[in-house]
Amino acid sequence: MRRWIARLSNNQKLGGVALLLGAVATLARVGPRRLVTVDAKELLTRIEREEDHVRPAELATWIIEGRADYRLIDIRDPAAFAAYHIPGAECLPLSQVADGALGRDERIILYGDGGIHAAHAWMVLAGMGYTKVYTLREGLDAWKEDVLFPTLPANPTAEERAHGERAAQIARHFGGAVRVAGAGPASGEVAPPPALPAPAVVAPTLPVGATATSPVKKKREGC
Amino acid sequence: MEPLVSDVPSAPPAEAEGHPGPQPYANPYLAGIGLGLVLLAAFVLVGRGLGASGAFNSTVAWMSSKVAPDYARSNEFLASYLTGEDHPLKAWLVFEVLGVAAGALLSGLLAHRISVSVERGPRISVAGRLALAFLGGAMMAFGAAFARGCTSGQALTGGSLLNLGSWIFMLAVFAGAYAVAWVVRREWR
Amino acid sequence: MSAPFYKLGYFGDEVSLIIAFVLGVGFGFFLERAGFGSAKKLVAQFYLRDLAVFKVMFSAIVTAMLGVTYLAWIGYLDLSLVYLVPTFWTAQLVGGLILGAGFVIGGYCPGTSIASTATGRVDGLVYVAGFAVGTLGYALAWPLVEGLYTAGAIGPTTLPAALGVGRGLIVFGVVVIAVAGFAGATWIERAMAARDAAAAGRLAKGGS
């Protein structure tokens, strides 16, 4: 056997090595990895420095401004998504978040009903190396509270009134309305929030492997 | 035993007296492995492959923007290379192609294969060869534009990434070339 | 996953351009090493005298393909971040036929024409000019060519996905085809060389 190998030309040896490597390659799996390594200190520091979330008011401004450099991901189930979702959001249920539909170089904002599931998803993605992933702080609950149905004080100062006007404009833009504190039932409670507006535009469910609409500056990568 | 140096044809025509002759070409398998490693480095470093035709597109688009800026902006093909804040020549492929020239020059110098000459077969004139070089280049510009690349961008890059379109392209290139080879045999043999 | 470095933000655009140049140097170097700065060497492929084009191309493809597969397998390279040109099979089929025909007429492809010009070949330079003019012509003919340009669009597609076969199996298949091709190429070259020698011998006997 050894003599036979010795009698092969160098080119033939190269061919043999290639065939060997090719044969081993039949076992290869190249999909996204399932095991995640978390750099605890780094992630916790990011969270402490509040670099892990955006506030509903910020997101509302971005949507109104028409910014297209991020992807808004709704991690709830499709039925909840269909009932209501923030304009521009894509439906990607929590269990599928790490399956590879999200590019690691994209800016991603996750939201759920509250903040907890989105925070879990954030931890997983951050552990996978996503550097531009954020959660919507306190999710849809905060979106309703701060953006859709902001509560204004009953006797606003001038400054509060101006702020209230802006909040009212934003709320109207998204199909909501302001509430005035104390206008609800007795004992100072605020009335339960009105029904959510029907989604004006139904964003398509995220197909696996699709890429989001490109941001303004798209680099050519062809030949 | 197969020699390490490729046999047929192994070396370019001999140089004039007094100059060190041109070295034989390298083993094609080794050169190919080298090329493959450069391509792999591109994937690992930048997340894209090599190319060439795109640099021509950028350059032609830039030249048109200087000569006829309004037309260039209205032409969909050219305008796609003129968007964005960066200068059209500040493109990845343009820098890469400049490197290709430098690398080829370096290899040619080391192997004493630099010579101002015209590659042609024995039965065609210089003028005829140059005319066909121009024509072939123009044809390939169309081919590369349709295919979104040439042999380096599509065949090498896409081939190694198992890109379906690239493999279709590669097979078509060989088919097209073999089909026409007999027709233009006078140019080379 | 630590790669591709640029896509993960390890360095910016300017550095990426410098890297483009360096990679280009490697590219041009090996092209010229193989003799691809010479149109005669390149075109010999299509007359079955010298199949170096096939050998170099497929050695490169196999090398890079195995490298990518192994690096992705160990989780070092994130394949989803490596750009895959979308497939337009009709446009690419027609484009390939045109490119192939032009190849054997012009004697170069865009990359090798640069290598050729850099080593002094005048026909390489003329080819470059022709290619540039052809590119301009394509732009001018855009309304006519746009239809074919977008024909057969099926998005970024890999062979494993299209054939419904595992990636590893396709990789092995490509290696087998390449190595078999190399063996076949050697055989063809020897057979043609023998044929040429016999023909030359007959010519010599007939002439004298």
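To keep things simple, chains are lettered A, B and C as they appear, and every chain counts its residues starting from 1.
One rule holds in what follows: contacts are C-beta pairs under 8 Å (C-beta built on N, C-alpha and C of every residue); 3 or more make two chains touch, one makes a residue touch a chain.
Treat the numbers as computed from the prediction; the structure is a model and nothing was measured.
Participant: Give the label of the chain whose average Cα location is farthest from that of chain C.
Facilitator: Farthest chain from chain C, going by C-alpha centroids: A.
Participant: Counting C-beta pairs in contact, which comes out ahead: A-C or A-B?
Facilitator: A-C
Participant: How many Å are there between the centre of chain B and the centre of chain C, using C-alpha atoms for each centre?
Facilitator: 8
Participant: Just give me the whole-number Å value for how far the CA centre of chain A lies from that of chain B.
Facilitator: 43
Participant: Which integer distance in Å separates the CA centroid of chain A from that of chain C?
Facilitator: So the centroids are 40 Å from each other.
Participant: Could you check chain C for residues that touch two or more other chains and list them?
Facilitator: Residues 7, 62, 81, 83, 85, 167, 171, 174, 182.
Participant: Among the residues of chain A, which ones contact at least 2 other chains?
Facilitator: Residues 11, 221-223 of chain A touch two or more partner chains.
Participant: Going by the touch rule set out above, which residues of chain B reach two or more other chains?
Facilitator: 2, 29, 33, 48-50, 52-53, 92-93, 144, 148-150, 152-154, 157
Participant: Going by the contact rule set out above, which residues of chain B touch chain C in the complex?
Facilitator: Listed in rising order, the residues are 2, 6-9, 12, 25-26, 28-50, 52-53, 55-57, 59-61, 64, 75-78, 90, 92-93, 95-108, 111, 113-121, 129-130, 132-181, 184-185, 187-189.
Participant: List the residues on chain C that touch chain A in their complex, please.
Facilitator: 1, 7-9, 62, 66, 69-70, 72-73, 75, 78-81, 83, 85, 166-169, 171-172, 174-176, 178-179, 182-183
Participant: Quick one: which bits of chain B touch chain A in the complex? Just the residue numbers, please.
Facilitator: Those residues of chain B that touch chain A are 1-2, 4, 27, 29, 33, 48-54, 81, 84-85, 91-93, 144, 148-150, 152-154, 157.
Participant: Along chain A, where are the residues that touch chain B in the complex?
Facilitator: 7, 9-12, 14, 217-223
Participant: Report the residues of chain A in contact with chain C in the complex, numbered from low to high.
Facilitator: 11, 15, 18-19, 21-23, 25-30, 32-33, 100, 103-105, 128-129, 131, 221-223
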